[in-house]
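You will see two complexes here that share chain A, one where it goes with chain B and one where it goes with chain C.
The block that comes next holds the complex of A and B.
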C-alpha cells in the first residue's frame, strides 16, 4: 500500500452525508409535525400521546445498536481485527445512550399518565424494570471491559459477554414483560401490524421518526468509531511505526 | 401605562377597610388599562393554540444547536484524519 492516507478509517462519505442530510430534514419535520399534527384525543394520555414520536424510537435505536454491536463482536471473535472490537464497543455505547434516554423519557411519561396524582416516578412495572435490567447488563459490558488491561483478552472476553447480552435483549424488552401484567401499551397481539393501536394520522409521523432516529444513531456511532480509530492511531497501533513527533510544536 | 398614585388630598381610608383597600388600589390600575388590542404579527402567530408554537420554537432551536454540534464534530474528525494521515505515514 502507499505510504499515505491509511490512518483514517475508511468511511463511505457520500453515504454518510446523504444519511446526515436526510436525518436533519426528517427529524426537523417530525418535530414540527409531532407538535402541530392532529392526534386522537384520549383520556389519561391526552396530548402526551405525542411522546410516541420520540420515546419509542429511542428503544428501536437501542435494539438496532445492540444487534450491530453483537454483529461486530461475532466478527471480532472470527478475525481478531481491532476495528471490530472498537465498533462493538461504540455501538454498545450508543445503545446505552439511547436506552438511557428511553428509560428517562418513559419515566416522565408514566409519571404523568399511569401514576398521575400519586407522585410515583418508579413502580416496578415489568416493562420498565426489564428495560432497566437490560441497561444494567450493557453497563456490565463496559465494567468488564475496564477490568481487563490486555487488549486482546479484553476484546475476546467482552465479545463473548456481548453475544450473551444481545440474547437477553428481546426477552427483556418483549417476551418477559408480556408474560406479566403491565401498564405499558403494545403488550397484546402484534402492535407492529395492528390496525387499531396507532391512528393512521400518527403513522405518517411515527414511521419517519423511527427511521430518522435510527439514522441519527448510525451517525453518532460512525462519528464515535472514527474517533476511536483515530485514538488508536495516535497510540501507536499494532504493527505500525511509532508516531513521529509533530514538526511544529 | 397610567400610574395612579393615591391623591394626597384623598380622605384617609377607614382602618376597617385598610386591608382590602391595599389590593383595591392595584386593581384599579389594571382595570383602567386601555381595552386590549388584538395581538399582531409575531405575537398573534405565537399566541395561537395555547402558545404551542413557542414550545415548538424552543425545541427547534435546541435541535438546530444539536445539528450544529453534529456537523462541527464531523468537520473536526475530517480535519484530524487528514492531519494524522499526513503526520503518520503507515507502511504496510
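The block that comes next holds the complex of A and C.
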C-alpha cells in the first residue's frame, strides 16, 4: 500500500479484483450458512446467536478502519501528501458506516435477548453508549473538515483531531466499559471472546465472516480512495496531485 | 529564549490582557452562574440524589469550559499576533503558556461554580478531600483537551459553536469518571472506594496532555 502513491492510481487493480472475488464468494457463503446452518440451542440466545456472524465482524471492521485512519493521519502530518489525507478521511467514513451497522445489529440483538419482554431498545449499556460516542467523534471529524476551507490546513487540522481522538478511544472502549456493570461479553477483565465460548460448528462460519467483512471494508475503502483521488485529479489543473514528497522531519 | 521564560511570558501576556477586559473570566462565570440558577429553578426545592447532583455539576463545568475557553487562540489570529508569536517563541512555549492560563480560568470556574452549586442545592459534602481531589484532577484533564481543541477550532472558519461539538464527545471519559467519583464524595465514601475513577481521571489527564503537547506543533506551525 505504501508504494502505491507513486502509481497513477492509489489502488492496485489486480489485488482489488482478487479480494473482490474472494469477498463475494465468502460473504455469500457466510449469509447462507449463517441463516441456514445449525447452531447450538441455548436459553435466551436461541436463534439470535446467528447475529454473532454479523455483529462482531462489524466491530472488527470498525476497529480496523479506526487504526487505518489514525495511521494515515500520522503519515499525513509527517509527509503532507494529499493521498494520506484522502485515505484518512475515507477510512473514517468506513468507520462511521461499520460503527453504525454495529450499533444497529447490537441494538436488535440486545432487544431480543437482554431486554426481551420489556420492549426496550436502548438501555445505556456502557459498550453501546461508548460506541455511540465514538460515532459522535467521527461525526465531529467530518464537521471540522467542512469548517476549514484551505485544503492543506484542513488536512492537517483534521489529522490532529483524528490522532487526538484516538488517544481518548481506549478510555471509551476498554477502560470505562470494564468499570461499569454490563451484560455485554467482555466485561470485568475477561476478553470478549475466550477459546471456550464459541461452539466449533460456529467457528467455521464466524472466522470466514470476520475475514469477509474486513475484506468488504477494505474494498469500500479503496474504492472511496480511488474516487476521491480521481476527483482531485479532475479538479487540479495539471492532472494528478503530486506524489508523496520525502518526509521533511 | 529560555523555554520556561518563554512559556511564562505567554502566560503573563494572556493574564494581563485578561485583567484589562476580564472578558473570558466574566463570560465563563456568568455562564456557569446562569446555568446553575436555571438548574436550581428547574429542580425546585425537592432534594435530588447524589448521582443527579454530581451529574449536573459536571455538565455545567463541561459546557462552561467548552463555551468560555475558545477565545484565547481566536484572539491571536484576529489580532494578527499569531505570526509575531511564531517568530519569537516555539510552539511548545505557546502551548504551555496558554495551558497555564486556561488552567487558571478553569480553576476559577471550578471554585466559583462548585461554591454556588453547594450553596444553591444546599448539599453537604461527605468527604471533602475526595471531592476537591476529583475536581482538581478533572480540571486538569478538562484544560488539556480544551486548550488543544480551541487551537484547532481557531483555524476553522465557523469558529464558535464548533468547539462544543468537537469537545464534548472527547470528554465523555472525564465526565463518566468525574461524576462517579463526585457522587462517592458527596455521599461520604473513602478515597479507596473511588480508586477506579481517580485512576481513570489521572490516566485521561496524562494521556491527553501528552498527546496535546506532541500534536500542538502541527496546529501552530504553518
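Simple rule for what comes next: the second predicted complex is superposed on the first by the 218 of 249 C-alpha atoms of A that agree within 3 Å, B and C clash if a C-alpha of one lies under 4 Å from a C-alpha of the other, contacts with A are read in each partner's own complex, and residues count from 1 in each chain.
The rule is short, and it goes like this: a residue touches a chain if its C-beta (ideal position, glycine included) is under 8 Å from a C-beta of that chain, and two chains touch if they have at least 3 such contacts.
Just so we're clear, the structure is a prediction, and the values are computed from it rather than from any experiment.
> Quick one: classify A:130 as touching chain B (first), chain C (second), both or neither.
In the superposition, A:130 touches chain C alone.
> In the overlay, answer first, second, both or neither for which of chain B and chain C A:107 touches.
Neither: A:107 stays clear of chain B and chain C.
> Where does A:223 make contact in the superposed view: on chain B (first), on chain C (second), on both, or on neither?
So A:223 only meets chain B here.
> Touching A:157 in the superposition: chain B (first), chain C (second), both, neither?
second
> Under the stated touch criterion, which partner chain does A:27 make contact with: chain B (first), chain C (second), both, or neither?
A:27: touches chain B, not chain C.
> Applying the touch criterion given at the start, work out whether A:167 contacts chain B, chain C, both or neither, answering first, second, both or neither.
So A:167 only meets chain C here.
> In the superposed arrangement, does A:36 touch chain B (first), chain C (second), both or neither?
First partner only.
> Which partner does A:144 reach: the first (chain B), the second (chain C), both, or neither?
In the superposition, A:144 touches chain C alone.
> For chain A, which residues belong to both interfaces, chain B and chain C?
In the superposed arrangement, which is not itself an observed complex, chain A uses no residue for both chain B and chain C.
> Once bound in the complex, which stretches of chain A touch chain B?
Contact set of chain A toward chain B: 1, 3-9, 16, 20, 24, 27-28, 31-32, 35-36, 219-220, 223, 226-227, 230, 233-234, 239-241, 243-244, 246.
> Which positions of chain C touch chain A when the two form their complex?
145, 148-149, 152-153, 155-158, 162, 165-166, 168-170, 172-173, 176-177, 180, 196-197, 200, 203-204, 207-208, 211-212, 215, 218-219
> So in the complex, the part of chain A that touches chain C is made up of which residues?
77, 130, 133, 136-137, 140, 143-144, 147-149, 153, 156-157, 159-161, 163-165, 167-168, 170-172, 175-176, 179-180
> Which stretch or stretches of chain B touch chain A in the complex?
52, 55-56, 59-60, 63, 67, 70-71, 73-74, 77, 80-82, 84-92
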